[in-house]
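Okay, so chain A shows up in both of these, paired with chain B first and chain C after.
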Partner chain A sequence: MDYIIHILILIGIYAILSISLNLVASAGIISVAHGALFGLGAYVYAVLGATFHLPFSVALVFSSLATTFTGILLAVPSLRLKGDYLALATFGFAIIAYDIFDNLLLFTKGPMGITDIQGPDFPFQVHGKTWYLFLVTAFAVVTYLLARRLLQSPWGRVIRAISEKESLVTFSGRNTYRYKLVTFAFASFWTGVAGSLYSSYLSYIHPSNFLPMTSILILCMVVAGGMGSLTGSILGTSIFICVPEVLRFLNLPSSVAGNTNELLFGLALILFMLFKPQGILGKYLSLNE
Partner chain B sequence: MRTDGEHDPGIILSVSNLTVAYNGNIAVSSLTFEVTRGRILGLVGPNGAGKTSVINALLGIAPKVTGSILLAGSSLRDLRSYQIVRLGIRVVTQQTQTLNAMSVLENVLMGMPEDESDRFVSAFFWKKALTKGETKRKADALALLSLVGLNGDPDAPAGGLSYGQKKRLEIARTLAGEPTVLLMDEPTAGLDTGGVGDVCQMLKAIRSSGKTILLVEHNMEAVRDVCDEIIVMDFGKMIAFGKPEEVLANPRVLEAYIGRGEHG
Partner chain C sequence: MAQVLVNSLFDASLILLVALGFSLVYRTARFFHLGHGATFAVGGYVTYLLLFLGSNIAFALIVAGLIGGLCGFAMEGFLYKRLRRRRSSSLIYLIASLGVLLVVQNLLALLFGSETHVLQIPEALESSTRLSGALFTNAQVMIVAVAIALVSLLFVFLKTRMGLFLRSLSDNPFLARAMGIDVDRMMLAVFGIGSFLAAVAGGLTGMETTIRPAMGFSGTLYAMLACIMGGMGNLAGTIVGSVLLGVARSASVTFIAPEWRDSIALMVVLILLFVKPGGIIRSS
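So, the complex of A and B:
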């Protein structure tokens, strides 16, 4: 039971990430930096919580502001780039971020990681994990509802149009750059929330939690579920969280299991791109034909 | 061409000494012309004459431009494309541009000017007034669809439309922007005779509503039918200007066209 709750908590946290990244993808932006921003959020929370003993809610707010701000700093130059170049620039950010987590010993303690990160004080003395599941689910539901509201609004219409034909939106008198920047900033905010939840839940984080691969993993969740489909993202997240767990049950030696995992991710991504580029639940192809 | 800096209210668009180059390859060279408010000015010439390059320069998307472009007296140079559009210029580009994954209605809505309901925060703080605005926008969009003769399901994806229907959809979207000046790059290209006639009727109706059109057109019958005046371009230069029937009888113009086996 404990184990299942653990998996559900992870799905909840990653759902916050994939849903927010889906919004970014809905604007036609392929970002491979979401895992890095997530890591930043986790570290900011950890440092504020473990070193400065700030309460959960305060640390979470600061962490989210930090990821929003960093997301904007990353987006301002990167969003001038198109398609593949934009993806590469964001991936560069993911690599640099990992190096910083690994080497900025003063704050991150490098490969030793940060321990004893405190979580929220739950109102009742119920089993902590169950409360965590409620908390994470609540945040995931809020993320989902806000994202859905956005996509269905006239604002969402504009970002969908940007993803299909940006020049057409420009020629309707709209500053597409601003729309994309706002989208990226909003999604970056949620990486801080997810990072704080992750950090406080595990109470111990280290750089290998936020490898550049993590950013690719989150993108895979979005692509598999279908860009533009939020429920698809939740489905994609569940698949990508559960598959490694199933592999673990097969009792493969850990060296094989890790590689099998990455191999499957890569393979899944290629197969999706080849046979169902719109994802499992995606209705349309949002990238330029 | 006026050089005294005073703005003549009858002239909506004034272009002088416009030069457009792509990597040293000159597409438009020292072109000077004025567009009179409420008229249809034709821009004709053989393939590669530089017509689309003129439009690109007006829209701020040509890479290397010199010269001046004034809309109602104020310069468009140094403005970004979306800012130029906000001043009242809209375009139907040579390549058909529709949002194929979105509905026919949404395509028209996307042509409407940005307003409060498009804002990020409006998604969360939706006010009654915005619902009214959205209802009105939808009604206006539907009216435009029937104006251009698209009477099918407005909620069907635009990707399913035929080529001719997409051309009509583009006109509806462009009109949704309530432009003062329309730039139209070969709106009749690829249409059958009936379609060309329909588009000509629409252009005349647009003109009678007080709007100004700069029309790039290869179909000479359409040009004779709708244009008040035309400019003939060849190799980036203006080779003739005047009323269509006079200009199209000009031997130099005939040579530019027929001499290179062009339609005329």
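So, the complex of A and C:
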């Protein structure tokens, strides 16, 4: 039972990430930097919590602001680039971020990781991690509702139009750059939230939690679930978290398990691109020209 | 200082071989073929196997290259061709090629283990010379020689009739098809050639350092950076980009710290991308 709760908590945290990435993707931005921002949020929370002993909510807000700020910093130059180059630039950022997590010993303690990260003070004790499940689910639901509201609003319509034919949107008199920037900033905020939740839940983080592959993984979740479909993102997240866990029961040695996971991810990407590029629940063929 | 220059030269040669193939594919197929890294890794492992079984270097490299070319054919024939039929956007190709890279890389890891392997090189190549304060091995000289040879061959090829077809396909696929050029066959040729180069580069890199399953990833990364710096699709620019990147890498290892090597190179390229999105030499 504890195990299932653990899985659900992970799904919840990653769902926040994939929903926010889906939002960004709905604007036509393919960002492979989400994992890096996630890591940034996690590390900021960890440092604030472990070193400065700030309470949960304060640290969460600060880390989310940090990721928003960094997201904007990344987006300002990157959003000028065209699709493929944008993806590469964000991926470059993800690699740099991982190197920083690994090497900047002063702040991140590198490969030793940060331990003893405090979580929120819950009013009363419940069975195991149920409180965390409640907390994470609450945040995930909020993210989902906000994202849906956004996508269905006039703002969302502009965003989706940008992903389909940006030139027309500019032609109709809107500053597409600004729309994209704000969307990206908004999504970056939620990576901080997810990072804080992750940090406090695991109470130990390590650079290997935030590899460039993590950013790719989150993108896989969005692609598989379907761009533009928020429910799809939740589905995609569940798939990509549950399948590796299921494989765990096959008792493969750990080195083989990691490679098998990645192999399946790669295979999934290929099959999806071949047969269902819009994802399982994707409504918009926004990846097709 | 001279050591840095010498190191840069070898670095640049290796990057160049991969980058040219990558650039060629991009010019013709118009997407970032991340599967290039897969052939790079395959080339490395094939070379390792052959050297392990006692063949000589030339044979090993040529066979590795040919097998790499076959992989390129496979990727194009089984995957990219289908995507092309559907008029997929370049993003779909990108994600699909990422899938290929992941599959191949992890297959290699499952088959050969995740640890690094050292290639067995004949001792003649191990001997080093010192020239005006810089140390280099014969193996490194060979790398540069092979790189120059292959690059020259490539440029000669591009002047041939088939090369002409390739170039026209890059310029205007629609018109090329209208003139009767068989796009499918040209694509196979492009991927074959590009993958051949990448595989040989993988073998050479293996000889210079070691091989490991993830090598495809880092190999492609630098190649991509070199191409972007020189302007995507611009072959001459790719050469310039590779040299610059080789210098940047060697310089950062020597003058700054080795662990920041990747980040610094990436930052250089990112800054360049932001400032001059078309690359140093603007492609037409």
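FYI, the second predicted complex is superposed on the first by the 286 of 289 C-alpha atoms of A that agree within 3 Å, B and C clash if a C-alpha of one lies under 4 Å from a C-alpha of the other, contacts with A are read in each partner's own complex, and residues count from 1 in each chain.
Rule of thumb we're sticking to: a residue touches a chain if its C-beta (ideal position, glycine included) is under 8 Å from a C-beta of that chain, and two chains touch if they have at least 3 such contacts.
Everything quoted here is computed from the prediction, not taken from an experiment.
Using the contact criterion defined above for the overlaid structures, shared-chain residue A:Ser172 touches chain B, although it does not reach chain C. In the superposed model, C is the one of chain B and chain C that contacts more residues of chain A.
When the shared chain is aligned, chain B comes close enough to touch A:Ser153, but chain C does not. When the two complexes are overlaid on their common chain A, residue A:Pro244 makes contact with neither chain B nor chain C.
Comparing the two interfaces of chain A, the one with chain B and the one with chain C have residues 289 in common. Of all residues in chain B, those touching chain A in their complex are 59, 80-82, 85-86, 90-91, 93, 97, 99-102, 106, 109-114, 117-120, 122-124, 126, 134, 157, 173, 177.
Taken in their complex, chain A has these residues touching chain C: 30, 77-78, 80-85, 87-89, 92-93, 95-96, 99-100, 102-103, 216, 219, 223, 255-256, 259-260, 262-263, 265-274, 277, 287-289.
Across the interface of their complex, chain A is touched by residues 31-32, 79, 82-83, 86-96, 98-107, 109-110, 113-114, 213, 221, 224, 228, 259-260, 262-263, 266-267, 269-270, 273-274, 277 of chain C.
Residues 146, 149-150, 153-158, 160-161, 164-165, 167-176, 182, 186, 283-286, 289 of chain A are the ones touching chain B in the complex.
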